[in-house]
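Note that chain A is present in both complexes that follow, paired respectively with chain B and with chain C.
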Partner chain A sequence: MNLRKYLKVYKKFLHTSLASELEYKTNILVDLITAILSLVGSIFLLSIFFQNNGYIGGWKFEQALIIQAIYTILNGITNTWFNPNLTEIVKHIREGTLDFVILKPIDSQFFISLKKINPSGFLEIMLGFFLLLFCIKINQINLSLSFLSLSLITISCSICILYSLWFFISTTTIWFVKTWNAIEVLRSFLYIGRFPLNSFSLSLRVFFSIFIPIAFITTIPSEVFLGLSQLWEILLEVIVASVFFITSRKFWLFALKFYSSASS
Partner chain B sequence: MISNLINRKIFTLLKVQYSNMLEYRVEIALWAISGIIPFFMLNIWTNNDLNESINISDVMLSRYFLCAFFVRQFSVVWVVFSFEEDSLMGKVSPYLIQPLNPFFRYFAQHLAEQITRFPFALIIAFFFFIFNPESLWIPNLGILLLSMLSTFLSFMIQFLIQSIVACLCFWTEKASSIERLLFIPTLFLSGLLAPVVSFPAYVKSWIYWTPFPYLIDFPANLLSGNESNISGGLSMQILWIFLLFPLFKKIWSEGTKKYTAMGS
Partner chain C sequence: MVQNIIDVRNLSKSFDISSKEPGLKGTIKHFFKRQTKSLKVIKDINFEIKEGEIVGFLGANGAGKTTILKMLCGLIYPSEGSILVSGYLPFRRKENFLKNITLIMGQKQQLIWDLPPIESFYLNASIYDLDKFEAKKRIKKLSEMLEIDEELFIPVRKLSLGQRMKSELLAALIHEPNILFLDEPTLGLDINAQSNLRKFLQKYNKENNATICLTSHYMKDITSLCKRVICVHEGAISYDGKLDLLLKKLSPVKEILIICRSEEDAIKLGNSGFTVKNKIKNEITIKIENNSITSSLKTILNNFDIEDLFINEPPIDEVIGKVLIKKDYDI
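== the complex of A and B ==
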């Protein structure tokens, strides 16, 4: 592994895909409005839930906003990196151009998961950060070094889990070719990440912590922000994230053995 | 004679599209699963006793969300995405030569998909009743037919809106981002995530003038036996169709004049 080489290659990726995406400038504006409306919509929905109740699953409205902020950041990351690259993976496999990727003297997983970038997702990430700063203010959270490092760790673990889930589904393309609808299923499941885990019934809570760890993705980082999290939760998230990441890597290498190019 | 010809065309189109859709059973099943967000919302509502404040019992609310799921299943429209792809690939050109508006083709595609989707939706409903046996009910035939009609009208409204957006492909290359923008108000205001009755008064005062509550909330209320204004809702649906149809015809005739096949 030559880190410097990979950084240099990534710079080129950024350059080429930004250049091609910036051709559609109005598109980026439309995407920004979409992101803002989507955030307004979810806050509106949340306000309906809190209309006559002070607490949902033990969370106050101001606290639940943190979950929205983190969800928005993660959704922005999904739209910036995971979604455009998945589109590419499907195309590579359907048209057989994955051959060229495998032949390159570079790690194939690195290549296909970071090749593309969609700049309009950045705006969503920024939007999420602004909301997060606002939440820090209204919840009177004291910023300290240990708090910052803990929140950074948990959020990176969330990104790791999210990436692994996406990449896992992308990998199945090698067998199924069309995976759009599987992604739609994942997207609809991820939707519940907008709400505190405790607001669901026990059976759903178990399902979303064990089978699809969506619970970890937004709830634990938010708990870190509020100072409510237990150490074991953070440790568990780190373990889950690493297990998911390693499995997605292994699964990709396993799946490549079954790749037989197009029309052969 | 002319109507006979149109009937035959539509029947043939439907037959072709239905056999086409049957090939993609797995995908359609996954797509049906991706529509289960209303059930997650139901879980939040009943688990936190949020429905007490809007005077809807648990049973009625669960029926509402089940019906919302059904209405959504049979009013999903994706014509923008198909049309965008076809117009980028230049497939629209041969369609334009045929003595049939290409949107009939998409229309038949959607209807065929709904027929294919029906058994999967029934299976999901079956599981829903296993977990919530107390919410089982049988609507009377008149209500069932009326709600099928209003679901179809809701589908028509969404199909017309999306066809109008799809025609923007004649001017810009990426009309689908506009569709994603329009999807946000549809998601939050149509009643898929929360019944319109629960909306705060400042939204309820104007929302009934927009098409959104007639997309899901009205048909779902009708089918589930919740309070609904049958004649008012149906006439608003028809009114919106009458407003949108001339707009579509106008933009279609303008767009086809503007059309230049890709690469020319």
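== the complex of A and C ==
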């Protein structure tokens, strides 16, 4: 893979998608307001849960706020990259414009996963980081190199799992043509990621760890911040993220063999 | 000797198609249990195309022309048989192969809708690994050939269909491919835009010795660009050869409208052994076989008092229309 070429193409992706989005100023403004209101609403909801009981699933409000911060960062990443690109896959396949993607001398997964960005998602990422910094302060977390590395690894793994799950579902469009509903179900599950995993019953915990690995997406990175994580958990998250990514990649290459393009 | 650039052997393609009975009952049945059947849309076809050739694929809707084109450019996998394009197996989509081909579809677009076409050109240039200087040079050259200038800086959504199609062509040709697959490139364009596009394709073919595979329902595209046509009927090739031979075969006679000086001359001409289509007063329309036109006209001019005459070619659409419904042509 020619890294220089891919960086050059990504620079062009950034430029063209920013230019496209900036054509519609009002839309960006509405998106920014939505992001702020959504965060305020989520914190308010969380505070209601903790109003009568100081602990939920062994987590204090200040600790649960870390999950909310990580969730906000991930949701920002989702809105910046995954939503504009991965939902387009369904459209590309339904309308047959995937033809133009797979006939370009560039990795098709790279192209359809990163071609667009939604700049309003950046605000959400920033809000998430500010909230995280606030949480570090109120939970009196010591910032050390190992802590920062582990945080970075676990958050990267979370992004990877989320991307792979979404990409996997979108890829099935090649056979099922319409998978909007499956993506909506995935998004609904992600909302659950705002709460500590321990606050759910055992059966749900198993479900959210094995079938839809929400636990890996928000809870484990949050545990790293609180110093509650175990090494095996982090290793497991790295393995799960790698397996998910490799599987989604292989599945995409396999699915392309069945792509029949839309009739003209 | 000119080499074959496309070589297709025993190529077949099948699709699984689901069918549904009408009505609510059929819908419910279809939801729970789909009836699918394998449909062979391309049936054991063979052909070669030489470098620099322009070949038109003719056939009715659903005959399989676009499916053939999509297999040639590597979009879909063949079910059986082999395809070699420029020495590559298209469906493997190797980088060097992809840099050598392009696909242009009249009904699909790759330009970024909200931005001027120039942005899409530079994006494609980076994908094809062209530096800024080279990209600029090629955009200038192609935009001059396509006669577009200001349009390059207007958002795509504000361009007319003709301007958009020209920009689509530029985006698809920025890497200067040698093999062009064109699927109804003039669809929806007005007569002038169609004519300009055809002129451009002729020029591109000449300057780059490019091979062009074209499908179109506009016969003018076929007649002005293609010397050779491949007719596809229900997934099989019904004719592969020169277009003028096909036209002669399909339309062996010409109609001649003759205006005589008097009605008596017209009656005499009608009784002299020619096949008469119709006669109104001193105007008579006769049918003459293509191979005897010169001698027949000589006889008529020598023996009858003729005021004027017109040779009518049968409408090309009508003639080609016969191809679309016939299974086989032996020429």
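As a working rule, the second predicted complex is superposed on the first by the 263 of 264 C-alpha atoms of A that agree within 3 Å, B and C clash if a C-alpha of one lies under 4 Å from a C-alpha of the other, contacts with A are read in each partner's own complex, and residues count from 1 in each chain.
FYI, a residue touches a chain if its C-beta (ideal position, glycine included) is under 8 Å from a C-beta of that chain, and two chains touch if they have at least 3 such contacts.
Being a predicted model, the structure only gives us computed values, none of them experimental.
Chemist: Have a look at where A:F49 lands relative to chain B and chain C in the superposition and call it first, second, both or neither.
Modeler: Only chain B is touched by A:F49; chain C is not.
Chemist: Scan A:L127 for contacts with chain B and chain C and give back first, second, both or neither.
Modeler: Neither chain B nor chain C is touched by A:L127.
Chemist: So, A:L190: does it touch chain B (first), chain C (second), both, or neither?
Modeler: Once the two structures are laid over each other on A, A:L190 reaches no partner at all.
Chemist: Would you check which partner chain A:I106 touches, where first means chain B only, second means chain C only, and both and neither mean what they say?
Modeler: The answer is second: A:I106 touches chain C but not chain B.
Chemist: Is A:A19 contacted by the first partner chain B, the second partner chain C, both or neither?
Modeler: second
Chemist: Comparing chain B against chain C, which has contacts with more of the residues in chain A?
Modeler: B
Chemist: Check the residue A:K257 against both partner chains and state whether it touches chain B (first), chain C (second), both, or neither.
Modeler: Only chain C is touched by A:K257; chain B is not.
Chemist: Determine, under the contact definition given at the top, whether A:V90 touches first (chain B), second (chain C), both, or neither.
Modeler: Neither: A:V90 stays clear of chain B and chain C.
Chemist: What part of chain A is shared between its chain B contacts and its chain C contacts?
Modeler: 24
Chemist: Give the list of chain A residues in touch with chain B in this complex.
Modeler: For chain A paired with chain B, touching residues are 24, 26-27, 30-31, 33-34, 37-38, 41-42, 44-45, 47-49, 51-53, 56-57, 176, 178, 180-182, 184-185, 187-188, 191-192, 195, 199-201, 204.
Chemist: Using the touch rule from the top, collect the residues of chain C that touch chain A in their complex.
Modeler: 15, 66, 70, 73-77, 93, 95, 98-99, 101-103, 105, 107-110, 112-115, 119-120, 122-124, 126-129, 155, 183-184
Chemist: Which part of chain A faces chain C closely enough to touch in the complex?
Modeler: 2, 5, 8-9, 11-13, 15-16, 19-20, 23-24, 95-97, 99-100, 102-106, 257, 259-261, 263-264
Chemist: Spell out the residues on chain B that touch chain A in their complex, using ranges where they run on.
Modeler: On the chain B side, the touching residues are 24, 26-28, 30-31, 33-37, 40, 43-44, 47-50, 52-53, 172-174, 177-178, 180-181, 184-185, 187-188, 193-194, 198-200, 203.
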